[in-house]
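First chain A sits with chain B, and in the next complex the same chain sits with chain C.
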Partner chain A sequence: MTANATPRRLELRILRGTPMAPSPPQFESYFVEEAEGMTLFLALNEIRSQQAPSLQFDFVCRAGICGSCGMVIDGRPGLACRTLTRDHGSVITLAPLPVFEWLGDLSVNTGKWMRGMAERLETWIHTTGDPDRLSLEAPMEPAEAEAIYELDRCIECGCCVAGCGTARMREDFVGAIGLNKIARFRLDPRDERSDEDFFALIGDDDGVFGCMTLLGCHDVCPKGLPLQTQIAFLRRKMAAQALK
Partner chain B sequence: MQIIYSDVLVIGGGLAGLRAAVGTRRRGHEVIILSLVPPKRSHSAAAQGGMQASLGHGAKGAGDNEDVHFEDTVRGSDWGCDQEVARLFVHTAPQAVRELAAWGVPWNRIQAGPREVVVDGRRVRINEPDDAHGMIAARDFGGTKKWRTCYVSDGTGHAMLYAMSDQAVAASIPVHERMEALALIHENGRCHGAVVRNLVSGELSAYLARATCIATGGFGRIYQISSNAVINEGIGAAIALETGLVSLGNMEAVQFHPTTIFPAGILVTEGCRGDGGLLRDAAGHRFMPDYEPEKKELASRDVVSRRMTQHMRAGHGVKTRFGDHLWLDITLLGAAHIDAKLREVKEICQHFLGIDPARDFIPVRPAQHYSMGGIRTDAHGHARGLRGLFACGEAACWDLHGFNRLGGNSVAETVVAGMIVGETMADFVESGEGDLQVSTAVVREALAQEEAHLAGLVEGRGEEDASALMAAMQTIMTEKVAIFRRGDLLESAVEELRSLLIRSRQISLRTRRHAGNPELVTAYRVQKMLKLALCVAYGALERTESRGAHYREDFPRRDDAQWLKRTLATWPRADDTLPTLSYEALDVSRMELPPGWRGYGARDAIDHPDTSARVAEVAALRDRLAGVDRHAIQSALMPFSHLVPPPFRGRNARLGDQP
Partner chain C sequence: MDQTVVRAGLPQAVPQASDIPREKLPARRAGRSRWPARLDLLQSASGLFLALFLVAHMFFVSSILISHEAFYTVARFFEGVYFLGKPYPWLVSCVVGGVLTILVLHAWLAMRKFPANFRQYRTFANHRRSLRHRDTGLWWIQLWTGFALFFLTTAHLYGMLSQPELIGPFESADRIWTGNLWPLYLLLLLTVEIHGSIGLYRLALKWGWLEGRDPAASRRRLRWAKTGMSVFFISLGLVTLLAYVQLGIAHADRAGERYVPAASTSSAD
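Now for the complex of A and B:
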């Protein structure tokens, strides 16, 4: 958009409602004048401060790193904060992420889902004893540390779960996020769990064998995590474990 | 009335709060964490570049130790910090890094052998020693003598927060999400917990605890242009202030980070400059060496932000219709380095600017970034003025950072302070003072007061708009209480903020309901935030000197003779429209590092009358102890070991230590 062009008038169609309300949720339209570099974070805040003070949505970092603002944007799960309006048509449709508990308007309870997943899959380093803080740290190969970080970059935004066919049908499916977590801890030499332990966590249809390989997760992951390869790899390892 | 009880209540689920909770839980106490958001969404996740700890590994870390880190921190603070706290911090930071390593943080590791790095605009080859292979790596950051900042690419805070949050899950610590503490419950100088609002249902409940900890982070959102997350509104500090008993320390000490992207204000890490990135002006000229020949782009943040602003004022900025900016050039680092070590920066540039930082310059300008000030505590994290209340992390002022925080010292502080305060709270709970003796009448009254206040807002028939007041406050702060400050501007800021505060008592809402009402949230928060803004602006007006990030154009020199003291702001009566300020002198005669020149920035401080005697005393002591082990010298200069909780005592191991 050049400085002289007439700015677009954007229509944001937003699914409005609350779980307690007697009437079902419905789309309502709001209009804003597009500004240079406008993101959905800016547009939604402008709507809330000027037109719809009760509008609920979740932003925290507004920089694409905290994972709070996952929503369905023109039919596709994504992070609203880093979605530039110029990449969309003049009508933009926004809805809350499916699968997660709905709190109202565009706000969903990803935190509850993530905590449940973390408890179930025990997404922490399993070691015995207290860390030795005064001694030199155990060395680690630089490439190994980088490989762990590659999987550790997940921001728990929930887009992969919202984009997952299995998660829509099977309430307890751990999703690509859960499988990626297991892949991350399995890769980490500091975690003392064996494949037998991991199999006990994800070796069923709510885990790695529930994935139908539609791979919507991989396509929508805002961090570009290698979910496809991790799920395939994990499935081979867990299948091998099942045959033991 | 709903009352929820625990031994310890931690308000805030970022790194500091989580670590404090894990520590007290490990001592056998029940802990509940309250968090506005799921804890992994806390602003700790936004720390990109890394955490300082003097492990001393590798070619550029060799020779580093607690002494060097200590001196860098004190110089960075412009002698405003508490030097005993700084000692406690630098001693504990290596332990924090190693603990996090054991808990799964994938710290970048050293590859032995030759490698190319960019230093001062040139590619140079360094050789990493064999014995450092696989040890935790560190990068360069501003205001440091060694490469000391341990990192995980540029997602350090994220990796730390996830490891810590998962430790809290492992310890079965409940986190009550989307909950906000609105007031502390206290009686006779003893804190009993907090009145808490459920942000979804709007319901109030009382959380009672034997120890209460505020770890709610900074208050950057009182500014219009800030790198802070939108939740960093300082409500934790405000509810402490509203007790009338607890003071906020050095609220005028506000840090502006040199490199936030223009115009969105999103941070790009200091690691960009630490790894060799340069600042350029509209003409493409690298201007920092003109101002700071020694440290150049890697002077402390206050100095770099000031020089950038000065350079833009002189007409060298890139002009746009949204204002001026400068360029951050990391093209010289190369795509491979950016893809591995600065990938969040790359993503931010792609998504928000549509540029590739391996080829294009990044438009940047300084923006509000960090709150050095906060709830005044002692070196153990116990709040002054209210027993049983503790604070840690950015919300607190214990006071590690003085008037300027070094990059990499805050994410380190979160964990270190959490470690210390976790032990302090466990000690407190186990002590004779630790029992809770609270009347239900006190709880009922506290709840009733908040209920009445919220009902007044929901039903209010005033004519003020909450978000308009918020925007007005933010504009005043960004325009008048910024990098360069002046008496007349500060005076008008204080007057305007007072008028906003009075108007904020007449807010009317368009949405008249309690549940799921963001407008109501804005309304009660802006009332609290205006008090914080007044602490900042009034503290800045009264401090007629320049120190660290607080720069007065009308009083450009650091004045140790008059101002080597900490500002304490209290709010004794609810209907006050200004904080009450008092001051706490720093004791030069006990400083390990007496005031002097920082090694960058201006060199024109007015000396404190005690400085020369202390300088002579320290020099004589060092002479007398020449050749003695450094720990013994340190201990003779300024003992601090009494402050270290037992689990963290002992000496940090380094490569090459004599057995």
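Now for the complex of A and C:
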């Protein structure tokens, strides 16, 4: 949009409703004037402050770091704060992320799902020793730390789960985020678990062998995590483990 | 950095590894079945075998484009005539039986991933429509072409299994034209080539083959290879099918007559 051009009048079709409401959720349209560099987050904020004070949507950081503002934008999961309205048509359809517990309007409880996944996959460092918490940790090779950090960039926004056809069909599937967590802890030298231990967590059709390589997860991840390569890597490792 | 400060900043509820009793660690759990992994491997291995067989099969049947004699030679080769001195059509039946067994195994393994009920079917169909994502759509195409292939391939393979001696330039052309099997072969060609090339593409992504240093670029190349493979083999198959149809039309008034190579005819004379 150039400075002299007439700003577009955007129509945001938002799925409104709450789980307890007697009527089913339905799309309601709101109109905003597009501003230079406007994100969906800004548009939603404007709608909430001027047109629909009861509109529910989640946000914290407004910078693609907290992962709170995940929603389905014109059919694809994404972050409202990282989505520029100029990349979309003048009618933008918004819906809450599927799979997760719906709280109302565009707000979902990703935390509950993430917590369940973390407990199920035991996504913390497992060690048999009793490290001294008051002393400095043992140093790690920079390349090793960078490889871990690359996978640790996940913000648990839930977009990969919502973009995964397998997760949509099969609610017990751990999703790309779960597999990414396992790949991350497998890299961590402080985690003493072996591939046999990881196989016990993801070596079935709810884990890595349930993945149908649709790659929706990889393609919608707002952080650009290498989910395609990590899942393939884990599949090879877990298959090798199964053949032992 | 003052470790006391770091420690004080941690919420007390965050579990530390040492807080977890040893007996709760998942280490050395041996109870997990190996079968899901084995079935996944078998699905990939059977799919790879069938795709490679398909490639070889297409080159064998398209030898008719070289000459009748060339296809006759290929057909007799698989009957063992060049190793055993005379043709044994049951050898072809054995190969077809083996392929059919692997096909049924592959179909059974692939069915594990099909939507198991209407709710799953509707969920996936809506998801695919809404997401408009290429690879999700490719899987959907594979599902439907795979479903069609249950019927199309078994019909074709049963014919080869039960009448292996009727594979030859005139015999095959008569079956296709006079036997009215050309619509089945046309459908089979389109579905199997699309299914096979998508299958190989997805297989490479699934196991991380040919990733190289740039997986995104590699994926783009694989996508081109997939499309190229589909286009090449569908084109080759259509030209080949047309050749059989033309031969079948020309041979329709003598349908049922076996092909006798020119060398045999001249030696008999």
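Heads up, the rule we're going with is that the second predicted complex is superposed on the first by the 236 of 244 C-alpha atoms of A that agree within 3 Å, B and C clash if a C-alpha of one lies under 4 Å from a C-alpha of the other, contacts with A are read in each partner's own complex, and residues count from 1 in each chain.
One rule holds in what follows: a residue touches a chain if its C-beta (ideal position, glycine included) is under 8 Å from a C-beta of that chain, and two chains touch if they have at least 3 such contacts.
These numbers were taken from a predicted model, which means no experiment stands behind them.
By the touch criterion defined above, A:D197 lies against chain C but remains apart from chain B after alignment on the C-alpha atoms of chain A.
In the overlay built on the shared chain, the residue A:G165 is in contact with chain C alone; chain B does not reach it. Touch criterion met: A:P131 reaches chain B and chain C at once. In the superposed pair of complexes, A:L214 makes contact with chain C only, with no contact to chain B.
Legend: residue contacts after superposition of the two complexes on their common chain; A:G37 is shown touching chain B, with no touch to chain C. Once chain A of one complex is fitted onto chain A of the other, the partner contacts of A:M114 are limited to chain B, with no touch recorded for chain C. Shared-chain residue A:V91: touches no atom of chain B or chain C.
Touch criterion met: A:I155 reaches chain B, while chain C stays clear of it.
Comparing which residues of chain A touch chain B with which touch chain C, the overlap comprises 122, 124-125, 127, 131, 133-136, 190.
Of all residues in chain A, only 3, 18, 20, 37, 39, 48-49, 53-56, 58-68, 82, 84, 103-104, 107, 110-112, 114-115, 118-119, 122-125, 127, 131-142, 144-146, 148-149, 152-153, 155-156, 185, 188, 190-191 touch chain B in the complex they form. Residue ranges of chain C in contact with chain A, taken from their complex: 3-4, 7, 15-18, 20, 22, 25-34, 36-41, 112-113, 115, 120, 123-124, 127-133, 135-136, 139, 202, 205-208, 211, 215, 219. Contact residues of chain A toward chain C in the complex are 72, 75-76, 98, 122, 124-131, 133-136, 163, 165, 168-170, 190, 192-194, 196-197, 199-201, 203-205, 209-216, 219-220, 226, 228-229, 232-233, 235-236, 238-239, 241-243. Across the complex, chain B meets chain A through its residues 37-43, 45-46, 94-99, 101-104, 106-111, 133-137, 152-153, 155, 158-159, 162-163, 166-167, 169-170, 175, 177-178, 200, 229-231, 263-264, 266-267, 321, 340, 344, 347-348, 351-354, 467, 471, 509-511, 513, 515-519, 648, 650-655.
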